[in-house]
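Chains: A, B and C, in written order; residue numbering restarts at 1 for each.
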Amino acid sequence: MFLKNCWYVAAWGHEVAGDGLLSRKILGEQVLLYRQRNGEAAALIDRCSHRFAPLSKGRREGDYVRCMYHGLVFNADGLCVEEPGRDQPSDNTSIRSYPLVEKYKMLWIWMGDAQRADPSLIPDCHWQDDPAWRSIPAYIHYEADYRLIMDNQLDFSHLSFVHENTLGGSRKIAETVPTLEAIEGGIRLTRWYLNEPEIAPYLRGVVDLKGAIDRWHIYDWFTGGNVLNMDSGSAPAGTGAPQGHRAPQSLQFHATQCTTPEDEHCSHFFWTYAHNFNLNDPAFTKALAGRIEIGFVEDREMIEAQQKVVDVSGDDKMAFISVDLGLTQGRRLLNRAIAAEQAAN
Amino acid sequence: MFLKNCWYVAAWGHEVAGDGLLSRKILGEQVLLYRQRNGEAAALIDRCSHRFAPLSKGRREGDYVRCMYHGLVFNADGLCVEEPGRDQPSDNTSIRSYPLVEKYKMLWIWMGDAQRADPSLIPDCHWQDDPAWRSIPAYIHYEADYRLIMDNQLDFSHLSFVHENTLGGSRKIAETVPTLEAIEGGIRLTRWYLNEPEIAPYLRGVVDLKGAIDRWHIYDWFTGGNVLNMDSGSAPAGTGAPQGHRAPQSLQFHATQCTTPEDEHCSHFFWTYAHNFNLNDPAFTKALAGRIEIGFVEDREMIEAQQKVVDVSGDDKMAFISVDLGLTQGRRLLNRAIAAEQAAN
Amino acid sequence: MFLKNCWYVAAWGHEVAGDGLLSRKILGEQVLLYRQRNGEAAALIDRCSHRFAPLSKGRREGDYVRCMYHGLVFNADGLCVEEPGRDQPSDNTSIRSYPLVEKYKMLWIWMGDAQRADPSLIPDCHWQDDPAWRSIPAYIHYEADYRLIMDNQLDFSHLSFVHENTLGGSRKIAETVPTLEAIEGGIRLTRWYLNEPEIAPYLRGVVDLKGAIDRWHIYDWFTGGNVLNMDSGSAPAGTGAPQGHRAPQSLQFHATQCTTPEDEHCSHFFWTYAHNFNLNDPAFTKALAGRIEIGFVEDREMIEAQQKVVDVSGDDKMAFISVDLGLTQGRRLLNRAIAAEQAAN
């Protein structure tokens, strides 16, 4: 069960280059991504109308894609513009195209009703191409339902356990009850951990902030497209960070995580972890991304293992505990949006 | 859905040799092939009647096969001729045998009603053991429904695209409408491409024919056993090839392609590509087979990719286009034959 | 279909050691095995009550196991004893524990009604830790239904064929009708082969008994837990072995084989092959186990091949032959026990 009328990240812009034909399954549909001569990216169903050969085994010809089984040619709108052996293409030879927008270095696709594809609905992820921030586009493939990833994002307590020696480092994270607010299209979760003895393990050795800190996690999660924007950081303890004052030694980060269902069983996870200091130090940007990736691999290992257990658990009920506040609310918003969409059809 | 009352190629004769026990799935049934002491090949179900151990893990003993789980022995008719610990075998210990005929270097099996197994129904494939021709027996395994292979054989336009740089080499192939005739048990498709600038890419470097040519493809396809016999070749342009005159410099080939369903998902593809010149040049025979194999691997890659798309396309309809004349007629003959067979049961 | 109210071997005791968390599927349920600080082993469902993460990705903390997703802690009875961020664990956070007994170097688990878990029902396997015998604990994983393994154990004739050059070595084994008796909880099968020309192939080169022998196989098979205890051996011919006199040169063995269903498709096979001579010669114990393992691998290859054929044979009926006496009776006992258990529920 997927929400269809929203923008999902289909790919990083750099994944679709030159003559390349990128085939990726999204919401269970195999999609072909390619660029036209002017650089504009396009998305078609990766299936020739004729005998269902995959167009990704074809070739780009200018603004078009040719199926290399029997030679039919399609434009970026899915219209068949050439059928070998015939002046005009036969009936029913056009194929589906999908609205596609390139923004924040990402290709955003709309899998639902194309009439409703409004680019202004794409959540703000400007940190990814804002010159005041630095990050590296990254991707992880998950053998897990996107909702288990969403649960993980909307829960903070796992940082103390899954990421005990990396992104977490403090039992206080699991013990702090977050503030939950509704925002346009989603929810915001806020947690502050004041006067912690030191920075998180993943930062040790790559930044210079010593001594006690005030630490925060502020997550904005958007139902459409499963987009998570996280404002997080550490400031010297008692320098007023919770009141909005960010002392110069503060470490500020902005993470973006977009989870696109591949199908009922697997997911695409696109992420960045931007910093607004050390802007001219690519080695730092790379080292930071490497540390974060270790944490995300910890998540994936746990979630994929969890998925296997869920798969064989039938109708057995999970127990709800106190830290489930965020994920419960997230699931509620998602289920409500899916139900509304299906009721409208 | 398979046609059962017809001869299918089960194996090349040379695949069943000495004490060997060859197990191969045909039309979803696991068949054991072996030779008796006089060299005559036999086909049994590859399953002991007793505890269903595969006989292919047993051993040939003279004209018989012994199951090496509990020792039962079967003759070439499937009769149990020995049961350890008992003078006479118990009831119900016999197993199924299949009519099997060795002809044209191939073992032909009849999977349907044995009463109807008439060897005269085997299509003529004499080019494979006629001393006036040379070829090398070859085999390709397909992860695809046999009907997608049949579609490919009855369509010519793919030569221009799948085999653009090998077996095809001319856009004219896709653009030429074939002549279609009914023949006994199947259909014949004929195409001529006159005054083509040069021979096909796969022949370049292995034959000497220079300059413009008249080129032809004449395919005889038989519903029973999915047998394709192809007469093809190239003659110097304007030397009367279409009228039946084959100038001495002409290159004539005869291909045989037999597709046997392994099960609903996979297929066996047995092929040769015979030539009637350079008869005493085994290096040429080998080089030619190697070039053809490259083309057949191109087909397999496309068809297996197509199969994966078909598998997830549910009831979606393919578009019919002008080049589908041959495959449409072939499918119609096949469906009609299967329906007739099932109605008779 | 499994018998649930009986003791199955879950693991060898040595497989669960130190801080280790052993996850093993038993009767289709994923079970976690670990040891408490006093060395006592415990068995829990390998699934946290909260979000179904596997506890085997957690860690042992003293007598407890902590889930490393969100930090819940469980004791050996499955009670949740800690929930991060809360003084008392939430409702419904406890998980299933299973009765577990360590005996004869094995961990015996009870998958059915815990109220009925009576340790006195564990069959006698004392040869495995009796100082008068020597053996090496061993394990084989089977991709086969446990009942096909049971069939194999209750049939002797396969020794002449599957183990022609190892454990068998005589056609007489297949030709001898066994004596079958009912015993408490199972059946006993007895076969004697008098005046055989020599010892079995697997013993050649590792023992000194020359010349003609009297050989025997006495199998006690217990329905509960699929436990087979075999008394077997070889004595110099005519020295009174069948009458109970065991001449000093006799070779006596005691094999224990416990088959635990992993699920409907696979099985765990725990075995020893104890000898009561050469007690201080570990090289002999090892060599003997190596020879036996070769035989058990022969069994596995045949049974796994048989399973694949059974899987595609639908409702086809196996033929019953004269050597099926033991397996027929064993299957009857098992089916009756399962039916009785299900009727009681």
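Observations, loosely collected:
By definition in this document, a residue touches a chain if its C-beta (ideal position, glycine included) is under 8 Å from a C-beta of that chain, and two chains touch if they have at least 3 such contacts.
None of the values given here were measured: they were computed from a predicted structure.
Two copies of one chain, chain A and chain C, form a contact in which under half of the residue numbers belong to both partners. The angle of the rotation carrying chain B onto chain C, fitted on C-alpha atoms and rounded to the nearest 5, is 120°. Mean C-alpha positions place chain A and chain C at a centre distance of 49 Å.
Residue numbers of chain B whose C-beta contacts span two or more other chains: none are found. For chain B in complex with chain C, the residues that touch the partner chain are 30, 46-47, 49-54, 57, 66-72, 83-86, 89-93.
By the touch criterion given at the top, residues 151, 155, 157-158, 160-162, 164, 171, 174-177, 301-302, 305-306, 308-310, 312-313, 316-323 of chain A touch chain C in their complex.
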